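Each of the two complexes below includes subunit A, the first together with subunit B, the second together with subunit C.
Right after this comes the complex of A and B.
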């Protein structure tokens, strides 16, 4: 092997190749994680010169606080709505787009446009549409629930925020599903047809098993995006009205920078860390099983 | 081939049509209203302007320091992506070809650990670290982007480089190339497709990112990026929405142009990247 011929200079080159990355990653990632976990055990407000270690007090006060439970509940609802909205829409869209014959490339390109636009930009655009267009539509249709921007009511704000997120987040899973559909062997459909399988049966027993790996990928990506989301709710509602859209990302930001509870916000972040780490482990478990691959 | 029923085809076409409307209508509303003043816009959101006006664009380009923010966004995206495109392949090459050695294997798993950490965990400590290092500026943001690009980048590149055949490298070494030359003359060309994926993913992230600029640059208006400008514009121009639309549209315009030119590669690259991470 080449290792026999490897000179000292080559060894040095390889080592030097790793240095900038390792240094940057150590300072701005690993060190930051350690500092963050450390803060979560203090009473620091983010500004004072000194702070004390208070053990698990921050965690204790979080779990005793009904606002925090509310935040977790909102986050779960947000993630669930996002997953349901994204998975169903993208799967249907992928099946539809995959089977059209005319203008396929153009149509596909248009459906991917949302992935190009920033989350804040699209949120601000929908903010205006909700504010100016929805009441007009509501009046036309005579629906009193639509007489004002859906963002203004605690009942509808979360759905309105997730809708914007879905609008943007559907593009990528749709393309991944379409790539997954390419792996389904065409002759399987033919023999199923000969056996008299209905369209639904073909979908259920042929398409779906072959889509399982892509299904897992999309599911995991969307769950993570839902649990850690920030941009949409921050730009649209900043967490209101009455905390109905305060997902944990917003809560961490507000507690740290607006409520002077810097160390408490770090504890919230650590809890989020544990949730995401557990999800990642489950993801690895599932994807090592896989479907048809 | 699969024969499809008429019912399914009609349902499919209706769904696609609805989807197209849902995607294009907001964009249409934005674009069409940038050419109106408020009075015209109030007559109807969807109507074509009776008279095409460019006043919003003139105001945007001459006031508001728009060009400063556009310049900041461009500098950040360009410099960060160049660094990202050099550092990620370099470390990944060293790891991929030395994976049998303890140090490189350890470095690999050390960096992959980042996949388990949501951004919110480092967000608050980073604001303190950056403040202490005097890096609440554009340089600081670029450094952070490079540091935060590593987990995904190394994960994508190490597997990819390991899958490349060794023969070409061996031949180059016999011809007298050292490791550095093998990297710059051979590997650099072989990783093209993966590099394209990384560049597209990360440029979109840098250009559209809101969170990190909000944390690092929001206090100094001269450092604002375009997303920060748009966000802060919301409070200032909430009544003058045709003006706000002009700002939003102008900020996404460069991305849409690039997308129109390279959409096929961009879709393929991003999809591959998402599956990888």
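Right after this comes the complex of A and C.
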């Protein structure tokens, strides 16, 4: 049995191990957040040497601005489309890849390749595909909706941007789902089969509950990725046409660097931070109620 | 116990390393490309050059090499980065202003930097005597002083395929009606008259068409920005911008069907490959077109207004050279020596020839004769207007791009378009 002194020493050792991470996190994240929140209450334009505190003026002007509400709505739509696209596709892919008997590692590696390419690179490739290939396919198939790049219409641009994001973003959730599938005991499937459960019933009552914790992780990560997304929309459409793909990330970037409204951009970032924190909390709360832990 | 001691030492070391990494040792700062004196008595100057075009960089490299032959004690190191304005803003925020740099002196962001004392006052310097007076007159800051040496100009114009014009016996149009007649001729012959890159937004095309179709349009927008009136209420302004809307819709009839999917680079490539007869482009587009098709014969003319006398061309000072107010006296002296050197006619001519940019240094001539129509128009007619960012707020201009793009895409009524313009300005103005 350890003495009280040894136990305290252990705790101290463990505490010391956390210090490097805590210090780095504090310098690069907490300090940055505090400074950002501070600027959101000022009128700093990003260049001036001085600034004034103006209270909640930036927040007030944002909530009175129709473009900001449009940006929020576009961001919500983007995140929803991304979550639906990524969760469904990655779950199907994980189930398929998990059932492969031969060359499993190679196949998994191939499906992971998109995650290793930069978002901007993929966007530029898809930009060319949309512009040069899609109209040709549309003409061949006689589909008028595909007669021009989907990025050219305010009705289809957001879906086209999210499609590119989904194409790349499914890799990591697929791997996480596959890891989750390893936790499902095989004998449960055998029992269920003996009891005459259908494939869907086995999925619904065995696989899905075991995957719930994994589902939560993927969901939180994808929602966060959707709400903070910037590179795909910026590289593909720069927010257009007709502001139909102006997600909040683009708005923050434009206000900070193009419009010389740095403090306003910080206020937008603070609102974004609050939205993500709330969504994550709700998500974790809801998901923790079901499933096998 | 030993393990605990080892762990404690390791943790402490990691903390120390983290702080050491974050700390800044004034004597060993290697983050800047070059600045200050070195041990050999030479002075090194970082030249933060903001134009990413390869030809422009090559132009500066060529004259820097010549300069260093004459001034071996001054080493100029050109540094060009992507998204340079953002990088510069970050460097300014951390008091790390490059000693020698380029910036756009007619823009409001430049004037803000001057107001905060970041740039050295250059008024009275010898090199200004070499700069074209018309362009120099565009550059004083709010206090009436000069903080940048303009070196080149830019413009928006109609780039045209000379072979297509000659093969079809078409002359350069000088009025709106003539321009439409040219478009009709090409259309009848099965040639797409114009390509528009509306995927990137209307951008500079909005600026060029506003200046061409509504010569006082920018001033009218400034009044709306200042809250004095609106386009919907003021009868004169309403007529002006209704006419603008009609002309834009007319132009779109002659454009490419995939305009909203085409980026600026795609448009330049399409023009270079002979897919259209004309494009509305900035002077900066010339290099990319030549890159796509080095053998192409193309020139430029002013986008025509209603009459020859009302036709106005958008032109301004290209990135001009500035000196940091925070630079040491030694660095400032070296920077002035460099500016005096490059203001010489033969040096500026070499830079212009290498970069393909039209110089505004006295005695220089633009090498590409095909661009004589536009340059002569600017020099002889004098019917020119500066870029919008010199009088309109950046965010107002950026939001107007979106509003005009929506107008061309959704085709609302003209009244609705004017209301949208008013609403956009009201919502964007600071």
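What to note about this one:
The rule is short, and it goes like this: the second predicted complex is superposed on the first by the 249 of 293 C-alpha atoms of A that agree within 3 Å, B and C clash if a C-alpha of one lies under 4 Å from a C-alpha of the other, contacts with A are read in each partner's own complex, and residues count from 1 in each chain.
As a convention for this text, a contact is a pair of C-beta atoms (placed from the backbone, for glycine too) under 8 Å apart; a residue touches a chain by one contact, two chains touch by 3 or more.
This structure is a prediction, so every number in the text was calculated from the model and none was measured.
Applying the stated contact rule after C-alpha superposition, one finds that A:179 touches subunit B and leaves subunit C untouched.
Contact with subunit C, but none with subunit B, is seen for A:67 once the two complexes are overlaid on the shared chain. Of the two partner chains placed by superposition, subunit B and subunit C are both touched by A:20.
Once the two complexes are overlaid on the shared chain, A:102 sits clear of subunit B and of subunit C alike.
When the two structures are aligned on the shared chain, A:33 is found in touch with subunit B, with no touch to subunit C. Set against each other, subunit B and subunit C differ in how many residues of subunit A they touch, and the higher count belongs to B.
Of the two partner chains, subunit B is the only one that A:114 touches; subunit C does not reach it. By the touch criterion defined above, A:127 reaches both subunit B and subunit C.
Touch criterion met: A:9 reaches subunit B and subunit C at once.
The residues of subunit A shared by its contacts with subunit B and with subunit C are 9-10, 13, 17, 20, 24, 27, 46, 127. Those residues of subunit A that touch subunit C in the complex are listed here as 9-10, 13, 16-17, 19-20, 23-24, 27, 45-49, 65-67, 127, 130-131, 135, 148-149, 151-154, 237-243, 254-255, 257-261.
In the complex of the two chains, the subunit B residues touching subunit A come out as 1-5, 8, 12-13, 15-16, 19-20, 22-24, 26-27, 29-30, 45, 87-88, 90-91, 93-95, 97-98, 100, 103-104, 107, 110-111, 113-126, 128-129, 143-144, 146-148, 150-151, 154, 166, 169-170, 173, 178-180, 183, 204, 207-211, 227, 230-231, 234, 241, 244-245, 248, 251-252, 255-256, 259, 263-264, 266-267, 270-271, 274-275.
Residues 4, 7-8, 11-12, 14-15, 18-19, 22, 85-86, 89, 92-93, 108-109, 112-113, 115-118, 198-201, 257-263, 266, 393-395, 398-399, 402, 405-406, 409-410, 423, 427-428, 430 of subunit C are the ones touching subunit A in the complex. If you check the complex, the residues on subunit A that touch subunit B are 2-3, 5, 7, 9-10, 13-15, 17-18, 20-22, 24-25, 27-33, 35-36, 39, 46, 92-93, 95-97, 99-100, 105, 107-122, 124-129, 132-133, 136, 167, 172, 175-176, 179, 186, 189-190, 193, 199, 202, 214, 217, 221, 224, 227-228, 230-231, 234-235, 248-249, 252-253, 256, 262, 265-266, 268-270, 272-273, 276-277, 280.
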